[in-house]
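Note that chain A is present in both complexes that follow, paired respectively with chain B and with chain C.
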Partner chain A sequence: MESTSQLFGLNPLPDQLVVALAGNPNTGKSTVFNALTGLNQHTGNWPGKTVLRAEGSFMHRDKKILLVDLPGTYSLLATSADEQTARDFICLGRPQATVVVADATCLERNLNLALQVMEISSRVVVCVNLMDEARRRGIRVDVEALSSELGAPCIATAARDGLGLDKLKDAILDMAAGITDTSPRQVSYEPHVEQAAAQLEARIRPFLPGWANCRWVALRLLEGDSGIIRAICSSLDDDSEKVFLKEGAAAWAR
Partner chain B sequence: MGTLNPTHTSFLSGIDQEITPQEKQEMRDSIVGSIYSCAEAIAERVINHEQNYKSELDRKIDNVVTSRLLGIPIMLALLGAVLWLTVTGANYPSQALAALLFRIQDQLTTLFTLAGAPAWLHGVLVLGMYRGLAWVVSVMLPPMAIFFPLFTLLEDLGYLPRVAFNLDRCFKKACAHGKQALTMCMGFGCNAAGVISCRIIESPRERLIAILTNNFVPCNGRFPTLITLSMIFMGGLAASAYGAAAATAVVVSLVLVGVMITLLISWLLSKTILKGVPSFFTLELPPYRKPKVGSILIRSLLDRTIFVLGRAVMVAAPAGAVTWILANIYIGDMSVIAHLAGWLDPFGRLLGLDGIILMAFILGLPANEIVLPIMIMSYLSSGTMLELDSLHALRALLADNGWTWLTALCMMLFSLLHYPCGTTILTIYKETKSIKWTVLSVLMPLGTAILITLIAAQLASLF
Partner chain C sequence: MLQTIIPLSRLPNGAAGRVASLSARGLIRRHLLDLGLVTGARVEAIRRSPAGDPAAFNIKGALIALRNEDADRILIAID
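Let's turn to the complex of A and B:
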């Protein structure tokens, strides 16, 4: 399926990889954004929303990358305009990779968001920022172990001092270019939730051609997130609408 | 963007309708729970905590000051300590200031007499403007100069987020947003600032509730009135330790009444015109910081004390002149003030107040700081000349005008609950962009204030 970044008012160059930057508030997300993009930024609003958006571009190993700064959120449960914006972009904007900036001093809370992002997209890089601050407070984060726990590359950084940014750029590029193999960790839910989700997933899969994360959509339907229905419907382009109509009609007829 | 596809929508919303709201809520709770415990398990495996003195200490302090059992009592004790220091400390500088300022008034009078100035000019400038200003400064400055630095100290330590944490449960029960505890704390500084801070609340419903009820906590402009009146009438001029404690207890109780009315009205609003359920939010407790004495003094004295006093002086000076003129223009055999006050008096009596107090509240709409000064000036202008030595004189003046502890209590309650000041009303209009909500934000507190003072006054008259 084609990139739907245009839906969000983005106009990436043909050879530009689109990468989203997510993270909790106060994790140094903006510092990471500034450190990666330097002065090549511009700001605006998300279409139809009063949520501020910054986007910037940078080159790494001769590849062009467009980095989109998502609003800082604690979760993607869509209880606020910020969370909705971040979720819709990761889910429907289909960035080639998503970076989750996490605060090493309170990793647990930040992992909640990382796990939720990884349910939507398999192309996730976790940037464990504020490592210097954590060390000062006597907190040691085993980034290697975290990478294998999450099944996604985790990079330790101290963005204020520019530490670890080259490694982060490597990881972003490898992920966005599809070089990295990923097996993102999926949260296992209670048996009755898993069962209901699996049943629902089987029902909706035919209606969402080209969607890798039907399980995630099923879970959202289970918890009654009606916003996602509208978001998905409005994102369907003509082609998939035709497929949908055909298959949908057939399914209803059965 | 594609238009909504009716078939697609009906398919997905068909599924949506198969699931009952209760099932959805259970699913959501279970899903969120699983995500959190997964994150917790991973974090436990990859993080290694070294013993760290500072963060350990922070955690231990937080375990005490935000505990279910001790959180709220500690909060009240801290508020009590701040107010007690204010009440006991403010008395002496207040007397010294008053003595100094009124000596200057005598000299000004001598100067005017020597220069052969007409009596009306002396009246407007010295008896009206200068005397009004002197009252404002000597009565309001000392409590503010003690209260604001102490309050800023608590703010600087990082205590306010803990207050919000403690109160979160109460606001949830009132069907309001937990962040309203924070906007309420801002309101203690200034209600206009409190109303602006309501922007941190995402949901429009809960934001409106927070805006409409922000006025129920006393702002900087009203704290001095509450402190002064409770010192005079409940604390026996704070001459003894017992008196100071009594005055402190009264102000703490008034703040509590304000918070309870905030919760009650929030609850009523969310059960009637602003129906809905409270939404989730995450509150970060920042580490405690070592307060910087210099910046506390500068911020509290310049930004708050001088700002509030400046506003009071700016409005009190012309108000003093206007009040003097009104008191000295006679229609028939009574001054304009006496006419106005007389007209308002029956209603005032019903609320345990009098006509002059009500008139002061009406004229004090631009700024709460000047309600007390206008009242004092109106009493002074009605002829009684006094040897003015601050609180003792104020007590005598008020007692001469028929004040009892009940009058003071009703005045304090009315001050606590009545409509917000002009600046705040303007801010509410700018934030809500709605005349309807702005009008409600004036009428609702006014109604509450009238009702509560009426009940207090009528109950007391039964005994």
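Let's turn to the complex of A and C:
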């Protein structure tokens, strides 16, 4: 299968690892992007600022990394163009790793997105940013404990001051190169949902060759999420598409 | 103790409460949940636009503006 990143107008060099950068709005995501790539992408604070993703590259330990900045979103499941862009890229662009930038001052609300990304991809690094701001407010974040709870490496940063970026680059590279072993924590749903998802997953798997996460696709089909179903269909050939839609509809009817 | 339940749209500025339930369905419900409006979550009304709609609320550490139309579908138990 051709590199799906090309569907998104990206042309990574053959030896370049593609890494996506996701995060809630106002987590300093663009600051992290700029700090990693040395670019000076505009940072500002209004919705839809990054609807069209930006890209930049950097070298770390002699490896080339292409970093793709996604729009800031609270979720990958809802309705806005921003959320759709971010979700389609993580799901269909299949980056070698995804970094979720989280705000250390209100981690709880940021972990929603992190868990959703971890449902799609097992190659996730969580960047716990704004640690300086958290410290000022008397909030301490135990990144070691968070890493083991999530089953994904969590790195503390204060990107504005360049703190923690080397560690972040190490974690990104190790994840993208497949060096890091991960077992991301999976959200489990009610038994009847789990059962339906498992059945559907087994049926659609043959039609989604090379897809890392058929469980996630099965869950979206059950949810009747038409946006993602269309996006997936556009990457399938006609026959696979028909069977895929039929199985989805049948499962939904059950 | 008897709790007062009101729609979030009627929570006065400066007052706070906890989400008792959402009457929204479908994608709107999903979106509200993603914003942190899960049962038990604390919400504080911060300010309102001149016309009173939309209004801004502190939800789990982020200031979020909601239309009255959506805030009507969030039921709040007042502290």
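The rule is short, and it goes like this: the second predicted complex is superposed on the first by the 221 of 254 C-alpha atoms of A that agree within 3 Å, B and C clash if a C-alpha of one lies under 4 Å from a C-alpha of the other, contacts with A are read in each partner's own complex, and residues count from 1 in each chain.
Methods note: contacts are C-beta pairs under 8 Å (C-beta built on N, C-alpha and C of every residue); 3 or more make two chains touch, one makes a residue touch a chain.
Remember, it's a predicted structure, so these values are computed and weren't measured experimentally.
After alignment on the shared chain A, the placement of chain B and chain C results in a clash.
In the superposed model, A:138 makes contact with chain B only, not with chain C.
Using the contact criterion defined above for the overlaid structures, shared-chain residue A:193 touches chain B, although it does not reach chain C. In the superposed model, A:222 lies in contact with chain B only, and not with chain C. Touch criterion not met for A:130: it reaches neither chain B nor chain C.
In the superposition on chain A, A:111 contacts chain B only, with no contact to chain C. Shared-chain residue A:207: touches chain B; no touch with chain C.
Look at A:146: by the touch rule set out above, it reaches chain B but stays clear of chain C. Touched residues of chain A, counted separately for chain B and chain C, are more numerous for B.
Clashing C-alpha atoms between chain B and chain C appear in just one of the listed stretches 61-69, 223-231, 295-303 or 385-393, and that stretch is 61-69.
When both complexes are aligned on chain A by C-alpha atoms, chain A residues 26, 74, 77, 79, 108-109, 112 touch chain B in the first and chain C in the second. Residue ranges on chain A touching chain C, taken from their complex, read 24, 26, 74-75, 77-79, 103, 105-106, 108-109, 112. Per the touch definition, chain A reaches chain B in the complex via residues 7, 26, 74, 77, 79-82, 107-109, 111-112, 114-116, 137-143, 145-146, 149-150, 185, 187-190, 192-193, 196, 200, 203-204, 207, 219, 221-224, 226, 229-230, 232-238, 241, 244-245, 248-249, 252. On the side of chain B, the complex with chain A involves touching residues 1-5, 7-9, 11-13, 15-16, 19, 21, 24-25, 27-28, 30-32, 34-36, 38-40, 42-43, 45-52, 54-55, 202-203, 279-280, 282, 284. Chain C meets chain A in the complex at residues 27, 30-31, 34-36, 59-62.
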